[in-house]
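Each chain gets a letter, A, B, C and D, in the order it is written, and its residues are counted from 1.
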Amino acid sequence: MGKILAFLLLGIVIGLAAGYLLVSSVTAPSQNKCLYEAGKFSGVPKKGEQVVVVYGFDANYPPFTVMQPNGTPIGFDVDVVNMIAKKYGWKIIYKPWDWSTIVTALEKGDLDIIASGMTITSARSQKIWFSIPYYSYVHQIVARRNDTRSLSKILNSGDYIAVQSGSTADEWADRLLKAGYKFKKLGLGSYTSALKALLDGRASAFITDSAFLGPYLKKNPDIENKVKVLGNLGAPYNYAIATRPQDKWLRDKINAALEELMDNPKWNELLKKWGLG
Amino acid sequence: MGFWLEFIPSLFMGLLTTFELVAISAPLGVTLGVALGTARVYGGKVLGSIARAFSALFRGFPLIVTLFLVFFGLPELGIYLSPIISAILSFSLCSGAYISEYVRGAILSVDEGQSLAAESIGMSKLQEVLYIVLPQAIRRAILGISNEIVYMIQYSSLAFAIGVQEMYSVARTYNSLYFKSFEIFSLLAVIYLAITALVTLIFRKLRKRIEPYSDSKAEFIE
Amino acid sequence: MPSIYSFFRYIPFVVEGTLWTISLVLGGLVIGFFIGLSLALVQSFGGERLKKMLNIYIWFFRGTPLLVLLSLFYWAVFPSLGLELSPLETSIAVLGMRSGAYQSQIFKDSINSVDYGQILAARSIGMSNRKLISYIVLPQALRISIPAWSNEYAVILKDSAICFALGVMEILTRVRYVSTATGLALLPYLFAGVLFFILTFAGTGVMDFVYRRAKIPGMLEGLR
Amino acid sequence: MKVVIKAENVWKKYGSTIALRGASLELREGETKVIIGPSGAGKSTFLKCLNLLIRPDEGRICIDGEEITSLKADIIRLRQKIGFVFQEFNLFHHLTAVGNITIGLTKVKGMSKEDALEKAKRVLKMVHIGEDLWNKYPAQLSGGQKQRVAIARALAMDPLVMLYDEPTSALDPGLSSEVLLVIKDLSERGITSLVVTHEMGFAYEVADTIAIMNNGRIIEEGSPEEMEYMKTKEARNILNRWNGMKNGVLA
């Protein structure tokens, strides 16, 4: 029995090592090493030490975070994080991450911060703590322009309504379903694919947040002519930068930087640059 | 408690969707597989190579890529399919390609004497294939076919990626809302294990019933 | 409609994902090899109770969808064991454990196809169980299992695409990012499919080569 | 003369069928003994029991004075004292003729590779396997060649005694003589042998004693000359059936 166990462990070790070696042969060594030590950012770091922050984002969320051909991200949130980093002289490591596992990854320490259009929700707040909000938006229900039905008719039509699964729009769809509306939810991997489903007729409506929709339509005027906003859902929501609860020092620094940034007239330029203003 | 009251009914709805996916895709896949397998043996040059290319293609692509291609890619060609239809189409294509392998092998294993005998009583080639070769071949391929269907049940969870609200998709949504990972996913694993065990059992019974009529018992050993 | 040329700039980014895919596949195969081989040896030579326990392992990993396994291990099992594994590490470990369950079947079959007379002969010249397994049974069984093993490579390669669900930066995950960034779908996903196709053929080609090199004249005819 | 193998009252059951019903046998150093008997008499089972390839249910078997059936016995070491030649050869498919012989020498006896090779060549010469066949795989050899390599494999371990389990029954009649000649040759060199065979001519020519087995036990033994005067009717009946084969291949 002991021999078998040793054999299994050997297999796991060799296998993981093989995988690791391959991946680390293409990534810079600093990028694949797990940098997290418990409480790394809870207090003031040692003097003269380079602060390295691993920044996790969902590369499927224009205009906040999108992938470029060279593997680095661009977007509004990327700019914000870069500005904060520049102010303090931090080094940022970019890590694209799947949206569904991103909270767990932050908790585990694969990531140090998330800034990727992350809405403050009570469920998330139990696991991770947020900075001050830097952007607010409302949820909107969007339909095709040539669809003459009213909002309540669409919600009761039994048609598909597209959302990004796991997003706050997804929660809104569930809330509406619970309230007794009769439609089918179509949860897709990103806001863009959900909007596409609306455009090509596979969904009759699309629940989005204004933070995505506005800039996207500004960038794609041909699409703007095809859709219309039927109404807003609930009160405004806020985006903020997520950190681990114990990383108080980091959060304080981010909050200070965000306050300073948002007071600056450059903030409006930045919003405009990404079509958010 | 409130969590379970919400989760269990949703999961049950998801289970129904999973069932719907498999119940429609499985017969389609088997039919497609038998047709492709037959075409690969008897199809001649043109039809045969089309069937070969078709099955090689869908066995070479990961199922998840096929799903994305059908749901996100086809609209660029002007073909719009709903998520459920896309999933059913992808599952049928993929399992059809795999099943055609088994059917082809089984057809080749039906011995020459059978077709000679069929010809000797004056059957046409089509009659010979339909009434003599295929009934024997399908019995021989039944183990492979039933394995493919069990795989299909497992891989049906991939439909979450194109927005089908099946079991895994429901579980994933609840996981991102409530973070009760252990409860959610171990329950899901248990359900899938139970379904797999049940379906395997049904197929075993079915094979036992077919077995006495088959001339090759050895192939039924699991 | 966005221009298809915007996709071409992303090709290096996507192709780089091949390394992630290969590490998933290699890691999974290697782990699966050790797990599968030890499971098969226990099933062929071990005691009844141990066999039953290992059958539960095999049944569990074969009966649960890979997606569910990935989620279960990433969110629940590994964290509760105090193992903080990244998506890549989790995926390699899960692919390996699952492949182990399948590979045990391969090795069990090939061990069984080494005929009993060989084992008797080895015993008759005074070999212990350990010696006859390592000098007589395994050298033959491993050779016999190469074709089935190359099949397992193709299976695990295609399964590795499912690890996109945890966001491992393999081919499919990258293609999804590209699809969002460019607004294209057909071309990127076809490109991913073709990459997998090439990887399948490259891998099975290597296995074929190994098989031909390791082949012993007439050995397979000598086996049941 | 020293007793090399002593088996007393050996019983073996397979489910409800009883293969051995108290078989006993004694083999002395330098002796060549042939066991004959109808098929199903339990000859092969008995032979396999002698080096515990099959564990008997009851009875005592001593090899060179040590009891192999006792639970404390070092079976691995005792088996090396017995060379065993199988009906269906059982050569290792993945090894060449030389490899089949050296693997036991290097892995079991711990000999160096060079010494093992040297020895392998010597025993292969003893069984008349020429140099051209040394590096051939089993599948490339004829049945008679395979069996001679199998004999060489057993011989190389320097056994006290060689057991042959119907060594020619899987061979074409034309090929069995080359194997029987080798066995005869070895027995004439004084190697203690116990042979189960159907070849009566061979038995009469080579054996010092012939043992008749029926219904799971040895019923009578004697030298070839004594065969005409068997005491029991059972033995006489069996012998009569075999008489036609008296002019065997070696005659």
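The rule we apply is simple: a residue touches a chain if its C-beta (ideal position, glycine included) is under 8 Å from a C-beta of that chain, and two chains touch if they have at least 3 such contacts.
This is a predicted model, so every value here is computed, not measured.
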Connectivity without chain C (remaining chains kept where they are): A, B | D
Where chain A and chain C overlap in contact partners, by chain label: B
A-B compared against C-D, more contacting pairs: C-D
Core chain by centroid distance, with centroids computed from Cα atoms only: C
Whole-Å gap separating chain A and chain B, where each centre is the average of the chain's CA atoms: 36
Centre distance in Å when chain B and chain D are each reduced to the mean of their C-alpha atoms: 56
Distance from the mean Cα position of chain D to that of chain C, given in whole angstrom: 46
Rounded Å distance between chain B and chain C, as computed from the means of their C-alpha atoms: 22
Numbers and ranges of chain C residues touching at least 2 other chains: 75, 79, 164-165, 176, 179
Residue list for chain B, restricted to those that touch at least two other chains: 72, 75, 160-161, 172, 175
Per-residue multi-chain contacts in chain A, two or more chains: 100, 189, 193
Pairs of chains satisfying the touch condition: A-B, A-C, B-C, C-D
Chain C residues touching chain A - in the complex, by the definition given at the top: 9-10, 12-13, 16, 19-20, 22-24, 26-35, 37-38, 42, 50, 74-75, 79, 84, 86-89, 92-93, 96, 100, 164-167, 169, 173-174, 176-181, 183
Chain D-touching residues of chain C, taken from the complex the two chains share: 115, 117-118, 120-128, 131, 135-136, 139-140, 143, 216-219, 221-223
Of chain A, residues touching chain B in the complex: 100, 103, 123, 126-127, 160, 162, 165-166, 170-171, 174, 184-189, 193, 196-197, 200-202
Parts of chain C lying in touch with chain B, wherever the complex brings them together: 1, 59-60, 62-69, 71-72, 75-77, 79-80, 157-159, 161-162, 164-165, 172, 176, 179, 184-186, 189-190, 192-193, 196-197, 200
Complex contact set, residues of chain B against chain A: 72, 75, 80-83, 160-163, 165, 169, 172-173, 175-179
